[in-house]
Structure formats: C-alpha cells, structure tokens
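Below: a set of structures, written as structure tokens.
You will see chain A twice below: alongside chain B first, and alongside chain C after that.
Moving on to the complex of A and B:
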C-alpha cells in the first residue's frame, strides 16, 4: 500500500506541474523551460525559512509560494524583453544557474549534502494524509483550470499562440496574457515542488533539474488538447509507464538511468508523432 | 603577476573548450537554425568510445578510428532525428528532441560504463612550464587546436563559396535549392563535422580532467549561452563570447575580496548573470546586426 501511495503522490505532484506546462507550452506556445527552477525554488525557500529561520511551517509555505510567483514575474518580464531563442537559452541556463547557486550557498542550502528531515505539517504528517491533501489541492487546480479555459482569458491565451499581433490589435494586452501564463505556471510548479518535497522529506541539488524538465515536457506535449482530461491522462501515462521497469529484475543502480532513458525515448517518439499533425504545425495564411 | 597569468592561461584553455562546442553549435544553427544541445553528450559519448579503445588496448590510432566512427554514427542519428523539424521550421520542438537525445545518450553511457569518473590518462598529467605559467599537455593541445579551428572556421564561413552556401541555406532554403545545392547532403555533412569537433573536445576534456556521463551538459549550456551572447548570426561573436563568458567569472572567482568566498561552483551562476545582462541590453547578441525585413 505504501508503494501505491508513493506513486500516487508522485502522480499528483507531476499533474500539478503538468497543468502549468500544458497552459504555457501547448496553449500559449510559450516554451517555459524554467518551470523546474520554480519547482526547486519553492521547496528550498520553504525548507530554508522553516529550518534555518524557524518560521512557522504554513507561513513559510505561503512565503515560498509568493516568492515563486515573484520569480515567475521575473521570467515574465524577461520574456517581454528578449527574443524567443534567447529566452529559451536563459530558461535552460537558469536550471544550471540555480543548481550552481544551491551548491555554492551551502550555509543555507546544505550544498551537495542538501537538507534532510523536512517535516510535513501536523495535519498531513502521514503519507495517506499527504496523498488526500494533494488530491484535494489538485481538484482545486483542475477546477480552476477548467474555469480559466472556459473564460475569456482562456480564449486570449489560445489566441496569443495563434496570432499575438492580431490579439494586440483587438485591444488585448499581450503582457497581461504572458504574465498570467508565466506567473500561473510558476505558481503551479511551486505548489508541485512543495508537494514533492513533503513526500520525500529531503532536498539536494538533484531535486528538479533536467529529469524533471523531461517529465514536464512529456506531459505537456501529450496534453496538447486544451482539456483537463488530456493533462490528467498524460500525467498518468508519464508517471505510471516507467513504473513497469521496477517490476523487471534490473539492478537498483540501473533503474534510475533506465527510467530517464525511457522518458527521453518517449519524448522523442511523442514529438516526432505529434509534430506533423499538431497545433505546433505552422499554418500558412 | 604569475598568479594572474596562470588564471588567464587556465581561463583561456577553458574558453577554448567552450569555443569548440560553440563553433559546432554555430555550424548546425547556420545550416538548419536548430540549437543542437545534445552535442555535449555526443562529445562525451565519443570520448567514452576513445576511452573504451584505450582500455581494450587496441592502440591509439584504432581508438581514433573507432571514435570517428562513433562521431559519424551520432552525427547521422542527429541528422535523421532533427531533419523533419528543420524542414517544417519547428525550431523549438527540435530543441526538445535534441535535449532528449542528449539525456538518452547520457543514460546509455551511465548504464554501460556506470556513473563513476573515468580517466583517459592514468597517473600524473604531463605538464609544460613557460614564463611562470604551468599548463597541462592536453590543455596546450586544446589551445592550439582551438585557435586553428577558430581561424579555419572563420575563413571558411566568411571567405569561401562553401561558407556562403552554409549561410545562405539558413537564410533562404528555396532559393538555395533553385541554385542546385543539395541541402540535405550539406546538412548531413555539417552534422557529422560538428559531432567530430564535439568528440575532439570531449576527448581533450577527458584527458585534462575525468570523464563522467553528465560532463557534456554544463559545457554545452555555456557554449549555447556563448553563441547567443555573441550573436548567433556572426562567427566572430561566437569566438569572442566563448572567451568573455569564461574570463569574467574566472576573474570574479579568483580576485573577489576574501570575504565573498566565491568558489568554482559559482561559475555557472556568473555565466547566467552575464547572459541576462547582455541579452537584456542586446537581445540578439553583441555582434548582431539590425536586419530589415521586407
């Protein structure tokens, strides 16, 4: 039962991040590759505030999420200032820069050794309670996503991907759409980071990073259709499929590498399959 | 003074390693507009092939042939994976495929050779001292080959018909096709050449330090940043930026007040900050030109 709870908690954390990925990658066409940074940033901020500065846990969670939104605002500002290519470079670079930052500021972050013994809040101390709480949080997120998709903002986000200049011509501020998508995506990624760190109760520089980006992108590419069920099914596939490997008789040292290999192959196949007929295809006018 | 010169020499060697990868990235971007970030992993895979040859004691020349074979295969694999996106102008999707390809290669290396560090040269590294500067022999080779590569690439790209074809493919594919240039063959060749250059730097890196499966990723990211900081449309920008984004962090790390306690692990952080500053001032890079679209 413990295994089931662990995998289900991982699925819920990935789903939260997947929603942010779906909205930014698939709907708005913004390649927000910095989401793993927000994932790690919120977890580290919460852990540092609580463990190093003795801030009350729930308060540190709220501050961490607020600061993650600020980080998202910074990325949003960058998106409006630099070219799309440069933004992609900066997003990928930010993953390594954050990794370097975490390793260097070891007095706060614990460096390569990380921060251990991160306690869950009293009300979700056990794993089943955490899963129930995560489930509740994800229901709220999915309902919010459904409402946004049906609202004028959802239409603006899709229109931004189709033709940003036309959107501007209709009097809609591009910046408001960009800010909404990037800050919202960052916040969702931050929430997922917190749920994940409460599951594993340990942080080190490998938390988040490139493997997390691969999972996130796989979910986002699978969930191309702007529908809630698409992102749920995509997250299920991406999280549960590699679990099949753990039932095979591989040495435990290889399992992690095999899982990453499977993700990368899955992503290559997915992009090749979907690119020809997807919304990523440029439509000639 | 000797200390300053030593830091300068070390930074130039590191900058040259970045330059190798940045030139590979530049060449591929020139013919396909694609940012081929898996070149770092490809370079490391080729270095591991060389290491395999060395451990099997098949001799250095057979190891080099084996490495060239691996470079050709990986270059062709990259071409077949990315060509579709190049034709459809789906550049960001190509970036994701390239990223996944690189991570897949890293995983395969880790599965085959495990994650532990491997040394191509066992024992003490051969060194050379000159005017108070000590440099390892692989470092010196890196420097010489890097300078040669930069000069040759600059001449080919800027002064020869082959260079003009290279640049024109990324500008206007249809026009180049009407001139009878076989674009597919050019791209295939460039992918193979870029893989060989990445392999060269991988082997030199493995000789100078130790090989690990993920070694290439940090290097390719710095090269990627150098390409954009310099301006991806101009080879001069790539060459200058490769050194600038290494020299500034190295000097900050070594000459900052002791109270700041900057260590080598800050390097990537400083590179990122420099990239943010440069790209916010000049979004298309230092050597970019303002292009008027019809």
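Moving on to the complex of A and C:
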C-alpha cells in the first residue's frame, strides 16, 4: 500500500506541474523551461523559512507560494523584453543558476547535503493523509483549469500561440495573457514542489532540475489538446510507465538512472512524433 | 448634416531602419465613408495601416481616432478605442472553430464577464448573435469547423464576420481579395459594403484589384514612394494620366 501511495503522490505532484506545462507550452506556445526552478524554489523557500527562521509551517507555505509567484512575475517581465529564443535559453540557464545557488549558499540551503527532516503539516502528517490532501488540491486545480479553458482567457491563450498580432487587434493585451500563463504556471509548479517535498521530506540540489524538466516537457507534449483529460492521461502515462522497470530484475541502485533514461528516450520519441503539431517557438507574423 | 471625422492622420512620417517608408501623409476619413488606398508595391500602404493601428512606431505626425489622439496608445488600446484591423495574411485563428473566432470578437466587443458561458440566458444570446453574424457571410453551415479548413475566400469572409462582431467604428482592411477566387469576390464586396452601409462602420481598405475597389469606395488615396500622390473620387483617380500610366500602361 505504501508503494501505491508513493506513486500516486508522485503522480499528483507531476500532474500539478503538468497543468502549468500544458497551459504554457502546449496552449500558449511559451517555452517556459523555468518551471523546475519554481518547483525547487517554493520547496527551498518553505523549508528555509520553517527550519532556519522558525516561521510557522503554514505561513512558510503561503510565503513560499507568494514568492514563487513573484519569481513567475520576473520571468513574465523578462518574456516581454527578450526574444523567444533568448527567453528559452534564459530559462534553461535559470535551472543551472538555481542549482549553483543552492550548492553555494550552504548555510541556508544545506549545500550538496541538502535539508533533511522536513516535517509535513500536522493535518497531513501521514502519507495517506498527504495523498488525500494532494488529491483535493489537484481537484481544485483541475476544476480551475477547466473553467479557464472554457473562459475567454482560455481562448485568448490559444489565440496568443497562433497569432499574437491578431490577438492585439482584438483589443487584448498580450502582457495580460503572458502574465497569466507564466505566473499561473509558476504557481502551479510551486504547489507541486511543496507536495513533492512533503512526500520525500528531504531537499538537495537534485530536487527539480533536468530530470524534472524532462518529465514536465514529456507531459506537455503529450497533452497537446487543450483539455483537462489530456493532461491527466499524459501525467498518468509519464509517471506510471517507468514503474514497469521496478518489476524487472534490476539492481535497485540502477532503477533511478534507468527511469531518467526511459524519460529521455520517451521525450526523444515524442519530439519526433507529435511535437511538430505544437509549433513551439513559432515566430510572430 | 456634418459627418464626424473618425480617422485623422496629420503629417505622418514613418521610418523603419534607415528607410523612410511614409512621408508627410495627411488624410481624414469621415463617419460611414469607405476610403481606398492604392499604390505600387512597396509604397508604404501596409506600413501606414501598421502606424495607424499601433504596430509600427511613427517618427512624427498625429493620429486621432474618433477625435482622440492615439499616438501613445498600444495596438490593443487602439482596438478598444474602436479600431478593428484586418490583416493581409488573414487575422483569424485557424486552430479555432468559426464559432470560437466570432465568440472571441463578441467577448471583446461587449466585454462579457469571464463566467458568461455558464449563464444559460447569456449563452443563448451569444449563440444567436454568432449564428446571425456567420449567416450574414454565408458560413453558418461551417460553424463548428476549424477555421483552418476553410478556403482562402471563406477565410476572408470569416475575417469580415469577425470585424463586424468586433464592433469597432473604424475598420482597416488590408488586401481582402488576395487569394480569393473571382466567384467569392462578389460576396466579399457585399460583406464589406454591408459593414459600411448596414452597420455604419467607417472603412479604410488597401486593395490591388482596382475594379473591385473602385466599385466599392467613396474616395481613393493614392500613395507613391511613401508620399500621398493624390486623393479623390474613383472617377477622378481613374482619369489621372500618371496613374493610368502606372496601373494601366496607357
């Protein structure tokens, strides 16, 4: 049962981040590779505030999410100031920069040794309680996503990807769409980071990072259609598929690496087969 | 009755890079008028549209829409002031259905609240409007199709429907007949004429098909080498010797 809860909790955390990825990558065409940074940033902020500064846990969570949104706002501002290609490179660079930051400022972040013994809030102390809580959070996120997809904003996001110039001629501010997508995506990634850190109760520089990015991009490419069920099914596939490896007779030390390898192969296959439809990096006309 | 000036352009200069594209262009367009802009390729017609709609920065000059100076307004702010813009490459969203394209325009024009589609009454009203607008350009049967599946001519008609739904008092249309079969040109002309006559819109239109244009417009502005060469009724323009040489080789 513990294994089931662990996998299900991982699925829920990935799904939360996947929603952000689907909205930004697939719907808006914004290659927001900074989502793993937001994933790690919220977790580290919460852990540092709570463990180093003795801030009440729930308050730490709220501050962490607020600061993650601010980080998203910074990325959103940057998106309006640089070219799409530069933004993509900058986002990738931010993953490396955050990793370097975490390793360097070890008095706060614990450096390579990380921060251990991160407690869950009282009401979700056990794994089943955490899974139930995560499930509730994800239901709220999916309902919100459904409403956004059906709402004028959902149409504006899709229109932004296809013809941003025509969208402005409709009287829609590009900045409002960009801010909504990037800040919203960053917040969702931050929430997922918190759910994940409460599951593993440990943080080190490998939290988030490139393996997380590969999972996120795979989900986003699979969830091309602007539908809630698309992102749910994509997250299921990406999270549960590598679990088949654990039933094969591999040394346990190898399993983690094999999972990343499988994700990488999956990503290459996806890029070859369906990513063309997503029109990433489409230039303005 | 004296008609209001909907669009006013005064001494407009637009420079892109080192090249001066528009030089000292002035023109007024009155309420309900259809004004055509013609000129050889590269004379700055689309740049003029881009400057009016805020997509190209201007060097000097003054642009006013409905009496309000809009020089410092972004494109979306100008759209909210009543400027609707059609594009040379068709400004509709091809990955959306025809219905969604028109709904988007209605949402913007009427500033509907985000939850409107959850109100049965509101939904019914919007649906009725969408049907009427699409029926007006003979595209109602394609309502649920993706716009990308339409032919070039049908896309132009959809753009006209969109411009109608957007409800702006000033409509800029850039080369509407590009890629449109002769059969559909008649329908397109009717759709543009209806926008002005039936719905009271003021229209400025760039077009290379002079027969199409002269049948439609009240006045023509001719640009040559980025400058306004002349302005007048279609007949006057047709009779100009230099233009006859440029366009008709006579």
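Here, the second predicted complex is superposed on the first by the 274 of 285 C-alpha atoms of A that agree within 3 Å, B and C clash if a C-alpha of one lies under 4 Å from a C-alpha of the other, contacts with A are read in each partner's own complex, and residues count from 1 in each chain.
The rule is simple: a contact is a pair of C-beta atoms (placed from the backbone, for glycine too) under 8 Å apart; a residue touches a chain by one contact, two chains touch by 3 or more.
Computed from a predicted structure; not experimentally measured.
Asker: Return fit or clash for chain B versus chain C, each positioned on chain A through the superposition.
Answerer: Here the two partners, once superposed via chain A, fit next to each other without clashing.
Asker: Is A:7 touching anything from chain B or chain C once the two structures are fitted on A? First, second, both or neither.
Answerer: Touch partners of A:7: none, neither chain B nor chain C.
Asker: Using the touch definition from the top, say if A:158 reaches chain B (first), chain C (second), both or neither.
Answerer: A:158 sits against chain C, while chain B stays out of touch.
Asker: Name the contact category of A:228: first (chain B only), second (chain C only), both, or neither.
Answerer: Neither partner.
Asker: Have a look at where A:88 lands relative to chain B and chain C in the superposition and call it first, second, both or neither.
Answerer: The answer is first: A:88 touches chain B but not chain C.
Asker: Taking the C-alpha centre of chain A as the vertex, compute the angle to the C-alpha centres of chain B and chain C, in steps of 10 degrees.
Answerer: After superposition on chain A, the angle is 90 degrees.
Asker: Could you look at A:150 and tell me whether it touches chain B, chain C, both or neither (first, second, both, neither)?
Answerer: A:150: touches chain C, not chain B.
Asker: Please work out whether A:169 is in contact with chain B alone, chain C alone, both, or neither, and reply first, second, both or neither.
Answerer: A:169 sits against chain C, while chain B stays out of touch.
Asker: In the superposition on the shared chain, how near does any CA atom of chain B get to one of chain C? Answer in angstrom.
Answerer: The answer for the closest chain B-chain C C-alpha pair is 6 Å.
Asker: Once the complexes are superposed, what residues of chain A are shared between the chain B interface and the chain C interface?
Answerer: none
Asker: Using the touch definition from the top, list the residues of chain B that touch chain A in their complex.
Answerer: Per the stated touch rule, the residues are 35, 37, 81, 84-85, 88-93, 95-97, 99-101, 103-104, 106-108, 110-111, 114, 217-218, 221, 224-225, 228, 232, 262-263, 265-269, 271-273, 275-276, 279-280, 283-284.
Asker: Mind listing the chain A positions that touch chain C in their complex?
Answerer: Against chain C, chain A makes touches at 150-153, 155-156, 158-159, 162-163, 165-166, 168-174, 285.
Asker: Sort out for me which residues of chain A touch chain B in the complex.
Answerer: 31, 78, 81-86, 88-90, 92-94, 96-97, 99-101, 103-104, 210-211, 213-214, 217, 221, 253-254, 257-258, 260-261, 263-265, 267-268, 271-272, 275-276, 280-282
Asker: Under the definition above, what is the set of chain C residues touching chain A in their complex?
Answerer: Chain C residues touching chain A: 53, 55, 74-76, 79-80, 84-85, 87, 89, 91-96, 100, 103-105, 107-108, 112, 114-117, 166.
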